[in-house]
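Common to both upcoming complexes is chain A, partnered first by chain B, then by chain C.
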Partner chain A sequence: MSDFRRFIAKRLTVSALLTLVSVTIIFFVLRLLPGSPFETLITTGNLSPEQAEEVFALYGLDKPLWQQYLVYLKNLLTFQFGYSILQSRPVWAILGPKLANTLILLVPALVTTAVVSTAVGMYAGWNRGSTAETTSIAVTTFLRSTPVFITAIFLLIAFSYTLGWVPAFGMRRVTATPNGLLDTYLSIDFLHHYLLPFTVTVLYYSGDFLLLARNGVVEKKGSEFLKLHRAKGLTENEQLVRAGRNSLLPVVTYFALRLGMIFQGLILLEVVFGWDGIGRALVLAIEQQDYPLVQAAVFIMALAVIVMNLVSDVLCAYLDPTVTANGGAA
Partner chain B sequence: MSTGSISLRERITSRTEHIWSHLRFLAGDRLACAGLITLGVFVFLGVTGPTIAPYHPIEDYVRTAQGDIVRLSAPSMDTPLGTTEYGKDVLSQFLAGAQPTLIVGLLGGVGTGALGFLVGLVSGYFGGWVDELLMRLTDLTFSLPFMPMALLLLTFITPNVWLITAIIISFLWKMPARVVRSEVLSTRERTFVKSARASGASHLRTMFLHIAPNVLPIGFLYTAYGVAWAIAAQASLAFLGFGDPTTTSWGRMLRMVFESGTIRIAWWWVLPPAIAIAAVTTSVFFIGRAYEEMINPEIQNQ
Partner chain C sequence: MTSEQPLLEVDDLHVRYSTNGGDVYAVNGVSFSIDTGINYGLAGESGSGKSTVAEAILGLLPENGAIDRGEIRFKGENLLELSAAERRDVLWEKIAYIPQSAMDSLDPVMTTGDQIRQAIEKHRNVSETNARERVRELFDMVGLDPDRTEEYPHEFSGGMRQRVTIAMALALEPDLIIADEPTTGLDAIIQDKILDTMLDIQAQIDSSLLLITHEIGVIAETCAELSLLYGGKVMEQGSVDNVLINPTNPYTMGLKNSFPEIEGGDSPVSIPGSPPNLSRAPSACAFTERCPFSTEECEQSHPDLMELPNRNHRSACHHVEQAAQMRRDATEPETWGVAVEAENEPETGDVILEADNLRTWYEQSQSLVSKLRGKDPTYVRAVDGVSLSVRRSEILGIAGESGCGKSTLGETMALLTTPTDGELVFDGVPYEQYRDGNMKEFRRKLQIIFQDPFDSLNPRQPVRKLVGEPLTIHDYRTDERTAAITETLETVGLPTTTSFLDQHPHELSGGQRQRVAIARALVLDPDFLICDEPASMLDVSLKVNLLNLLRRLADTEDIGIIYISHDLASLAEVSDRLAIMYLGRIVEQGAVDSVIQQSKHPYTNSLLSAAPEKDPSVERQRVLLEGKPPTPVDLPDGCVFAPRCPKATTECHSAEPAADAAGDENHLAACYFPDSEHDPISAEDSSTGTESVSD
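Presenting the complex of A and B:
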């Protein structure tokens, strides 16, 4: 157990350091690049030099860079993201609901694709060389290699523009004014808008899970323990369940990794579908040079990756003792 | 010295034969074969596209005999792929748009493969603090989200093809680096490497002449994937409006049709670039898959 503890301690330290370095890079990239949202206001005469100085002081932009950096670190680590420059509202009040919108789309979709694609992948690996295997691999290869917004455009053309089954844009009807959580996420109208983005997400991520599961089962197929099971007289399906169970480790760790990276992967999806999530908010904020918003959104995305990386490593070490035995080098 | 050069020549010959046998294998796999043909067409378009395009993709307007600009017309005899909302010829844009896609894909892929291969090789071969440092660096590039960081950089620096390629490489090299490193770790322990070291081969020689050839296949594989990733990344950036504003690329065409709000009607404008990008990235992956089956004995032995 001490090996395991040492492993955890090492990964925790590394993750903390990574977070620090990432936020530092984000800070300096944002500050050292030219241009600020105030410049346009000043040059167009909407903001007099005195007013500009007041605003600068308000946002702490008149202090030396290192002081700004320290304040920024302190604020980020206490999750105080400051005020949006253009919307004059706390960043968290803007990003919070958008984060919820993103998660409500991504998490169910990722879970669905992980379960379904893994099952299909195991079946495909078990029936190596069958038409089912070749077809499923060809289809998912297409889905995972094509940029997600292109798959989205194909489906939009088919199901929205041509057949008119689902709406093409947004999360709900323009006139809808939902009250409360239930009304927001459980109405028929929402479901109607949800279907297509959900399907695209499921399809886009199906390939990786399918291949992992399939390769796992293929590798296990010739192994000794399956020979034993066959000798014991288990049916094909019972054998497959046992082979599948033993090849789940990469699937589980990959799921954790994917969950961390998913915010960034679906920026495009949110833009295409007009889904009011954090990715779309980030693109808009970058276009409007709304630094505090950009900073917070990028920070959340980076943090998600680091945390889920850690979770994946720990899961992997927990489920497979040989990982900690070699110091977690691999 | 002479023995050394002969063995080197032999090594090169056996390597070329090896590569030929790989290509023959790929041609035997139906999907990979289709992929190779698609890529061939793509490279051809990328090289000749701008010269065979009937109109200039950005400057020329398609006009009627009366001189009116033809906006948003469906495919016809004069314009086989129709015209855009802005009165440009879709076919010309499509042909010209292959070039930046090819450049970014090829350079981005090769750059990703080469940089990742080197980092993985050095990291795995030397181990110790070198390994620790390089692997933490890959961790860092994993945790800095690619899309947001790329968008940020591209808002402040005017995008051009080379800059986009550089950004893509600087974020993608981590993938091959990790895989190559773990391959090197197992190769390093094999007897022929130890005997090379024992007979006095330098670190550089051992790394590049004894270890590198054995991990080269996986390097090639990730170079291929790198090409697909680079094309996808470039198209995505262009679609979000962060592409090179002076050239036409397939991603930019999709951006224009989406932005103009005519995506609902103008299928002739949407489908060519969308299908082309999907076809190219999928082809690369089909070839990669077949190649992976070939070089991964654990999957192959059945």
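Presenting the complex of A and C:
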């Protein structure tokens, strides 16, 4: 087996193990929590203890823990997430749309901020010590360290309540009943609701990319190869592009990792804007101890992080010719 | 002859750097002019301002550097008055640049071919196909494989990267090429060949050359005129023949003395003392603190450059009329206040490092597709069966062309690379034991100094941190940190002022960076040192200082040293024993005098004949080797040197000679037909009647 294959195989194995560990942890943590998903139903009298027993058996919850665990693993591996206990609908039918809602908001926002903030960061790094640099760093650091819901509320007050430009809440008009994908996500109405949460997300993530890109360029700035580029007669901007290309690696890695993490949603943001995303769904499901729902959600999130980790490794190897597959520099 | 306008005139140039620790007056009134078609040399010790002058001409000074005064005229046009855009048009089209550190000067994430193409397309309106064609042509011209234009810089060795930068400089056939140490750091054979190629092409395209180097030998061989800089001032200037044969300035005399020769009877004498303080503009003669002929007059003012009658020769010295007398005195070490050490017989101790049949093979990089297909990797046999041993107090020199595996051998012995096969014993303990948990001890006792100072220094740390860091890591002398740092800096000849301690690597000259790297190794008082080309960036006097320092460490501290270099002159100077490496093997090894004077292996012979000669009046006989060493992947059967060996026979092609095929235990050579009778140096003996320092 060649080194490269070995490298891929190794990464895959590690990824698989990590996934296993995370789904195992969530399985046991859920079971160890006090109470059961039927507590509320029983106490409110909607479910008699006998009926509860029945449903319990139906979901296999009366079996010994290890058997449940094995079944659970088997189901995850075959992507059969089962039925929600409380909503009696397939888990996927519940989570799918919420995940889509989250991704449709966060992915474009992340891509936008990655491109724009990285470019600004590189420019700032190149013009080290300029007002452009200091201001951009101050502003984005401020945005990054302020909790996202505060920024959100602030913008809501400004653009929604005061100026009335955009609606304050939800993903679409209450009366809207879209059918079909196009209708759901491509209407003017949706765009209207989309703008503010999108902007907040862009601002929130901008600081990381800006700093990473700026630091990279600052570090490259005095380097000998840029001097030779300069000697060749490249303009400032052309030199900046080369410095940028040379400091792209951490930015791309970070982007891939972030992309994995947004499968968790941005809970606070979803709450403030009434955005029906996966973050809210997860919190709700944990509260209700809806095991299948929580397990599936956590599995998807863990998988996303792990897959994007793998992607970022491969990207690195692709972007940096000196990184060999076995991890060292040639 | 100067009726026509000079190509480049530098007139009273002053450059100052501002740093946190105050100003650095790097160049203080330098003037010279280069005529069309002339090769001009710029020499001087490290930190004398050579690179700064070059950068000022090219407009490449860093942001903290400013030209305070002076003019730079190119074909009569003052470059300093051009707009940024006009200046860019002059760059490369008219004035091209070969940078000092080729190792770091290529963009790591752009293929070498593209980098050259970029230079062409920036200035010429050519189609991509034509540009590519031109790149291939250039690769071929400088002796690189035209099929390798798609490779990245890290896939090239140091010498090959230098060829890339040279190809780049030649791309547009500029009027003037400024080459800052173009061959420093390359082995003698490659240096010789590269200079040869460079001069050849340069003559073809009829451009002038401003060659910056501290190797007077290179200037003597390639240039017609030169200027010698010290403390940002021109000390002596004129035609190479006059200046180097009959120097009139004490500084030139000192420099000449300190140039080590392969077979010089005298040890070189370095100019004692450290470079001048540049934190203010010089008011006395810049050299006065180190000049043995200094008088009160010298303290009063810096002497002007004075034209010597009837020849192209200028010197800045108050006592230029006593030049003949000074020249005589300067050859005596006592003049410089250097005690001549009696050549004491080396008393070597126990064996401290021993390698037996050591091998290091690298897997060769493959394309992504063949990787995925799982094709069997091929191996580069960088080190292929090396056996050697080093005793305490002994310096073993390892010489060889670039790419012969010297550096890999060094890294393997320092356990930075794990040996593929073979045995390695350090201080009586096999390397496996260190690897399994005692690495820290090993790392403190055995230090390695690298070729490439910039790579090994963290750009964000000041000198103080850089030198102090190993102490922290190894928890060594932590209570007397400052003292340890200061002592070590003094040992390597660096200033110990606060402002210097606060400087960052990019604010140091090439030589200063290298010495900081050396200080990092010495601060831990190691038992064993592996030096990989430690002196390649250093000017002569620093080089001599370093060699003396290593010698002293070996003699008094009882440490064993491996000195890896391609510079046979330095090796001959410092080593007790010498090993010659070719394609991962040691082809000859023995006591240094014996190897140099009675070299047995044909390869050693050609190495010996490639070293430049500092006396411009001596014609050197070269034994230019055909071709370059094959890549150590698919080696033919038989003697590895056979394809390039002038004496090869069928026997040589059929079986490989053992490491001890010729000679006795004091001097081994892997050759069936060793040269035994003749002395390879005699052909170019330098005592040809001219006034030479080594008489």
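We adopt the following convention: the second predicted complex is superposed on the first by the 309 of 330 C-alpha atoms of A that agree within 3 Å, B and C clash if a C-alpha of one lies under 4 Å from a C-alpha of the other, contacts with A are read in each partner's own complex, and residues count from 1 in each chain.
Just so it is clear, a contact is a pair of C-beta atoms (placed from the backbone, for glycine too) under 8 Å apart; a residue touches a chain by one contact, two chains touch by 3 or more.
If you're wondering where the values come from, they're calculated on a predicted model, not measured in any experiment.
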Query raised in the report: Is the number of chain A residues in contact higher for chain B or for chain C?
Result: B
Report task. Check the residue A:320 against both partner chains and state whether it touches chain B (first), chain C (second), both, or neither. Result -> second
Report task. Using the superposition on chain A described above, determine whether A:10 touches chain B (first), chain C (second), both, or neither. Result -> neither
Report task. Have a look at where A:242 lands relative to chain B and chain C in the superposition and call it first, second, both or neither. Result -> second
**Report entry** Partner chain(s) touched by A:231 [first = chain B, second = chain C, both, neither]
**Finding:** second
Requested in this report: Figure out whether A:222 sits in contact with chain B (first) or chain C (second), or with both, or with neither.
Outcome: both
Query - Shared chain A surface residues [contacts with chain B and with chain C] - result: 219, 222, 330
Requested in this report: Could you please specify the touching residues of chain A with respect to chain B in the complex?
Outcome: 14, 17-19, 21-22, 25-26, 29-30, 33-35, 128, 137-138, 141-142, 144-147, 149-151, 153-154, 156-157, 161, 168, 215, 218-219, 221-222, 261, 263-265, 267-268, 271-272, 279, 282-283, 286-287, 289, 294, 297-298, 301-302, 305-306, 309, 330
**Report entry** Touching residues (chain side chain A, partner chain C) in the complex
**Finding:** 1-5, 219, 222-225, 227-235, 242, 245-246, 319-322, 324-325, 329-330
**Report entry** chain C residues touching chain A - in the complex, by the definition given at the top
**Finding:** 58, 60, 62, 88-89, 91-93, 96-97, 99-101, 104-110, 118-119, 122-123, 152, 154-155, 165, 168, 363, 365-366, 368, 370-372, 374-377, 454, 459-460, 506
**Report entry** chain B residues within the chain A interface of the complex
**Finding:** 31, 136, 139-140, 142-149, 151-153, 155-156, 182, 185, 228, 232, 235-236, 239-241, 254, 258, 263-264, 267, 270-271, 274, 277-278, 281-282, 284-286, 289, 298-299, 301-302
